[in-house]
Amino acid sequence: MEAKVSIIMGSTSDLSVMEEAAKVLNDLQIPFELNALSAHRTPEEVEKFAKSASERGLKVIIAGAGMAAHLPGVIASMTNIPVIGVPINATLEGWDSLLSIVQMPPGIPVATVGINGARNAGILAAQMLALSDKELQAKLNKFKESLKEKVKKANKELEDIKFDYKV
Amino acid sequence: MEAKVSIIMGSTSDLSVMEEAAKVLNDLQIPFELNALSAHRTPEEVEKFAKSASERGLKVIIAGAGMAAHLPGVIASMTNIPVIGVPINATLEGWDSLLSIVQMPPGIPVATVGINGARNAGILAAQMLALSDKELQAKLNKFKESLKEKVKKANKELEDIKFDYKV
Amino acid sequence: MEAKVSIIMGSTSDLSVMEEAAKVLNDLQIPFELNALSAHRTPEEVEKFAKSASERGLKVIIAGAGMAAHLPGVIASMTNIPVIGVPINATLEGWDSLLSIVQMPPGIPVATVGINGARNAGILAAQMLALSDKELQAKLNKFKESLKEKVKKANKELEDIKFDYKV
Amino acid sequence: MEAKVSIIMGSTSDLSVMEEAAKVLNDLQIPFELNALSAHRTPEEVEKFAKSASERGLKVIIAGAGMAAHLPGVIASMTNIPVIGVPINATLEGWDSLLSIVQMPPGIPVATVGINGARNAGILAAQMLALSDKELQAKLNKFKESLKEKVKKANKELEDIKFDYKV
Amino acid sequence: MEAKVSIIMGSTSDLSVMEEAAKVLNDLQIPFELNALSAHRTPEEVEKFAKSASERGLKVIIAGAGMAAHLPGVIASMTNIPVIGVPINATLEGWDSLLSIVQMPPGIPVATVGINGARNAGILAAQMLALSDKELQAKLNKFKESLKEKVKKANKELEDIKFDYKV
Amino acid sequence: MEAKVSIIMGSTSDLSVMEEAAKVLNDLQIPFELNALSAHRTPEEVEKFAKSASERGLKVIIAGAGMAAHLPGVIASMTNIPVIGVPINATLEGWDSLLSIVQMPPGIPVATVGINGARNAGILAAQMLALSDKELQAKLNKFKESLKEKVKKANKELEDIKFDYKV
Amino acid sequence: MEAKVSIIMGSTSDLSVMEEAAKVLNDLQIPFELNALSAHRTPEEVEKFAKSASERGLKVIIAGAGMAAHLPGVIASMTNIPVIGVPINATLEGWDSLLSIVQMPPGIPVATVGINGARNAGILAAQMLALSDKELQAKLNKFKESLKEKVKKANKELEDIKFDYKV
Amino acid sequence: MEAKVSIIMGSTSDLSVMEEAAKVLNDLQIPFELNALSAHRTPEEVEKFAKSASERGLKVIIAGAGMAAHLPGVIASMTNIPVIGVPINATLEGWDSLLSIVQMPPGIPVATVGINGARNAGILAAQMLALSDKELQAKLNKFKESLKEKVKKANKELEDIKFDYKV
């Protein structure tokens, strides 16, 4: 099936972070692809990728990068498909990649999620696709319910804790 | 015409920042509404707003907030419509609002743009809507071309500058 | 016995930090409860909790959260019981949670303690309760004395250290 | 009438920030006093003040300070009355005073509000006093309602805005 | 005469900062050109520029940019001519542009100068050119001497200051 | 009279900050000199200055610098006279100069005061000189008393403030 | 022999950092004492210590503290003996303690060294004492020479390194 | 063969970072030398080194330093050979060394690379040398191609990943 979301990263070392996006899309049965691209090392490939994205049927691009993270912004400058940026903590706790991605100049937005927040990037992509897909919308609603269940389960566990320190 | 995008903010003092989103949507002829809501001052209104958003036909929500900026995240927790967060520089140059918006925990994404980046929020909303609207996609492509024109014009101006300082 | 303090957190993974508050309250024989609530995952539960807090006899709420930490502020917006916020270091050394909790806009205060400072949150809750509880005040005074003892003991240990490096 | 809250600051230059606390207390008809004290310039006065606070009938202390802001913490070390700290932005946008106040070591809490957040300090003090004062609790509830009115009024104003930029 | 250095920037609004580089080159009689290019708005132009730079006889590129500043890094990825990056303070005091430029990943260096440090960028470009230009080296040595003269003159001025405050 | 303290700075533009040190020394009748020296522009002069400092009878050196502030550390590396460093806020609110001065590697201390804290630098120099000068010690004690007087005066002023806002 | 330098810290857990100061003083045969004092836990002891310091023959005080580090500043407010502050990295990489110590308000200086820089604190204390002690001055000069020896030795080691990677 | 690049560092403990520069130069067959020099510990050696650099045939200097990192700037003040600065992460994640190196005042540039970015420093030095060395330019172009190969290989690996989590 044709990919609707493309998850791109600079190297396989980013995979441990970025696969969280893949997992979410997989769970929601949204077809996606994984690509290795680097704003600095394969600029021509990036351009080819970005310019053909719409024609190829891609709807959303998720791009992760660390350090001076230019990949999400560079792709966003070459397409009008929404680009979701994932700052990866490679150095400086991720401050550098966060600012390199979120502080885009007027005209070229990147939808930025938190540092190492690939899971949220996957959910955000699904939310965008669900704007014209009722079935997916229903899945997302169910997913949101499941988050509550976790908290309820936690509450159960907390009830059983005893604090008999020294009384 | 029914609003597709809702632009919300905590008070009219945020309007000077947030109206940039309104201007973009207006230029692209995307119907939108402006609302004053505060995560802290009108929590019930926020809940009512967020839960009826989808039924009311809203497709994207743009929420701006400053300081400990909870509005975008709180709304995102109550709907599956994509929420775009605009950190507003009210204190600490906007560091506080940026982190309060972008660093959302797993499960509840907020698509964050730069500090005071309401213009980019408007464009990002348009990109999401254009996923199922070819006409809008064409407008965005034209808009992207216009950005290049500005740079070309700048280039013209730079050509005429002379530097006859002391030779 | 009816709880006077409620300690709330987003998940059981925060327990290792937040139990320091529970220990202090337990030591001071102040009845408390532990709850799992999340501003983003169980907003309705949070609302129900906050609005019934006063009626249920709660006097102080201690809320811990990490990342874009909205829980303390959201609860504070729904009750007039004092809310003590504990920023939890989950990412960025806690800078994000600190700013998300302490920088509340005018009208909705959160009494913020240091990053991972749950122990201080427990003491602060006790100080508030002691305003109308002489016995508790006496316990706190005794507790303060015990802090001095620790320093005196440290002083003893330091006296015995020898520095015969190379003379 | 005997003061229940003491608002202290290092110099009259802090008054423009700290008077917001005084205004709130005045509006809520809570008796208070204003004092100039400095952790560094009048340590003996600080000690005398802190140690007699409880006997004098004070219930809450609000202390504002800028730069390496030691006043709130030093007072908190000498009394068991709750101390609310207000970081004042004198240098470094207030980063220095925020950290000097909020990051108290275990055992000596300071209830910290946002930078220049004296208004919130006043409200927090009122919330503490209201724990044993039903009338004050009612006033605070009314105050909370008034915050909503402001947002509603803002909403009215936003409805009237037109964006006829270029269509 | 053929330009040896190209000074590029995203818009004419950066000119007030970047012209300091132009002035230095002009003073040292090094032929240069000024260009408006944007990593995000004219990516094709950037590519064309970078790939033909060497053939056109350019020896050094000075690129200034603010916010999420991708221009210097993107150009550096497309040429082996040294690229000097000038972080421009447009937002966040320049923290965002500094990190977006200096923290380049391994393989693609950008020679970064200080925030708004275009003057130093011009001098650095001259130092690179002087590696194979003795005459220019002599000019730079003379320039370095002139810096000392300024300090000597300052010293003269300081000698005349009197401090007769209250003795 | 022979100078005991040397106040050095990189240019006369730093004088408005550094003259606060001069004023304190003048008030305490400690002989001092003012010098313009720059770690980067007159390295030989700096060396000559530092190495002859002790012989010339100097007891303390106060060095102010902004940006990448190397002057205090470089001087400290060339003499065993105590060097007091004053970070000057020229860029980045002074974060750069603070870290460039205070974070000296092991073996070469610089006694750092706060950003733009030249007045404290002057007092600190006086405290060092007073270690072997009883008369100066007495003056400093008197100076410390005068700080208290200011706070007492402030207290007087605060007593007269009325808050009749709306009761 | 009577101590000339007092090294104080809040608890024995700071000893691993602060003993570097003790080692330096020991090596230079400067009599010193170690004390446990806490600005927050033993304020009366701190006062007693600070006020008697001069009479007891102390010449310099070295105070280390972490988090909201008030100890050095509080002592400096009670004596005119020079106080050297050592920010200890307990939380936030030491940013909190650095700012809490170095950013002292006008009138009360603390001579701050780098984070965990106790060794430099010891050397700085020795430099102050050497102002009236020629023998100590000679020892410090010798110590400075020994720093150079280390670098020369390092240079030797570097000479022997071979880089035969793949040629 | 005579060294064209000198790699200098403060101690052998910096070697693990700085040897990345050496490796690149070695791979590109550019003659280089390794030196231990410290701005603070061997100022005379630094001066001798910097002033003879040009005569000795050095074309580029790469200087690495941590903490308050003065070495690159101090050398740059004494020569007109381009100086590349490598901030080393010794404390504060490298924030201190980055700012101490990159924020040089006008007149004395240091070409700064990222924190621990010695590999990029080596490449940048090669780019400068290649300005007058066609053979080296060819090697660099080949090197740039090899970066692309890595990304292509990564892409291959990503193609084989399966995500069969729970469908």
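Letters A, B, C, D, E, F, G and H mark the chains in the order given here, with residues in each chain numbered from 1 onward.
One rule holds in what follows: a contact is a pair of C-beta atoms (placed from the backbone, for glycine too) under 8 Å apart; a residue touches a chain by one contact, two chains touch by 3 or more.
Quick caveat: nothing in here was measured; it's all calculated off a predicted structure.
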Partner chains shared by chain E and chain H (touch criterion as defined above): A, F
Listing by label each chain that touches chain E and chain F gives H
Chain pair showing more contacts of the two, A-H and B-C: B-C
Chain of greatest Cα-centre distance to chain E: C
Taking each chain's centre as the mean of its CA atoms, which one is most distant from chain B? G
Please identify which of E-F, D-F or C-D repeats the interface of E-H; the criterion is that more than half of the contact pairs agree. C-D
Fit chain C onto chain G over the CA trace and report the rotation angle, somewhere between 0 and 180 degrees, nearest 5. 90
Take the average of all CA coordinates in chain C, do the same for chain E, and state the distance between these two points in whole angstrom. 51
Averaging only over C-alpha atoms, locate the centres of chain B and chain D and give their separation in whole Å. 34
Per the C-alpha means, the centres of chain D and chain E lie apart by a whole-Å value of 47
Just how far, in Å, is the C-alpha centre of chain E from the one of chain A? 36
Set of chain G residues in contact with two or more other chains: 10, 38, 40-41, 67-68, 91-93, 95, 102-104, 107-108, 114-115, 147
Let me know each pair of chains that touch one another. A-B, A-C, A-E, A-H, B-C, B-D, B-E, C-D, C-G, D-F, D-G, E-F, E-H, F-G, F-H, G-H
What residues on chain D touch chain B, complex-wise? 93-95, 114-116, 147-148, 150-152, 154-155, 157-159, 161, 163-167
Within the complex, chain B is touched by chain E residues 10-12, 15, 19, 22-23, 26-27, 29, 34-38, 40-42, 45, 67-68, 91-93
Give every residue of chain F touching chain H within the complex, in rising order. 10, 38-41, 43-44, 47, 66-68, 70, 73-74, 76-78, 91-92, 95-96, 99-105, 107-108
Can you tell me which positions in chain H touch chain E when the two form their complex? 54, 59-60, 80-82, 84, 98, 102-104, 106-115, 117, 119-121, 123-124, 127-132, 137, 140-141, 144, 147
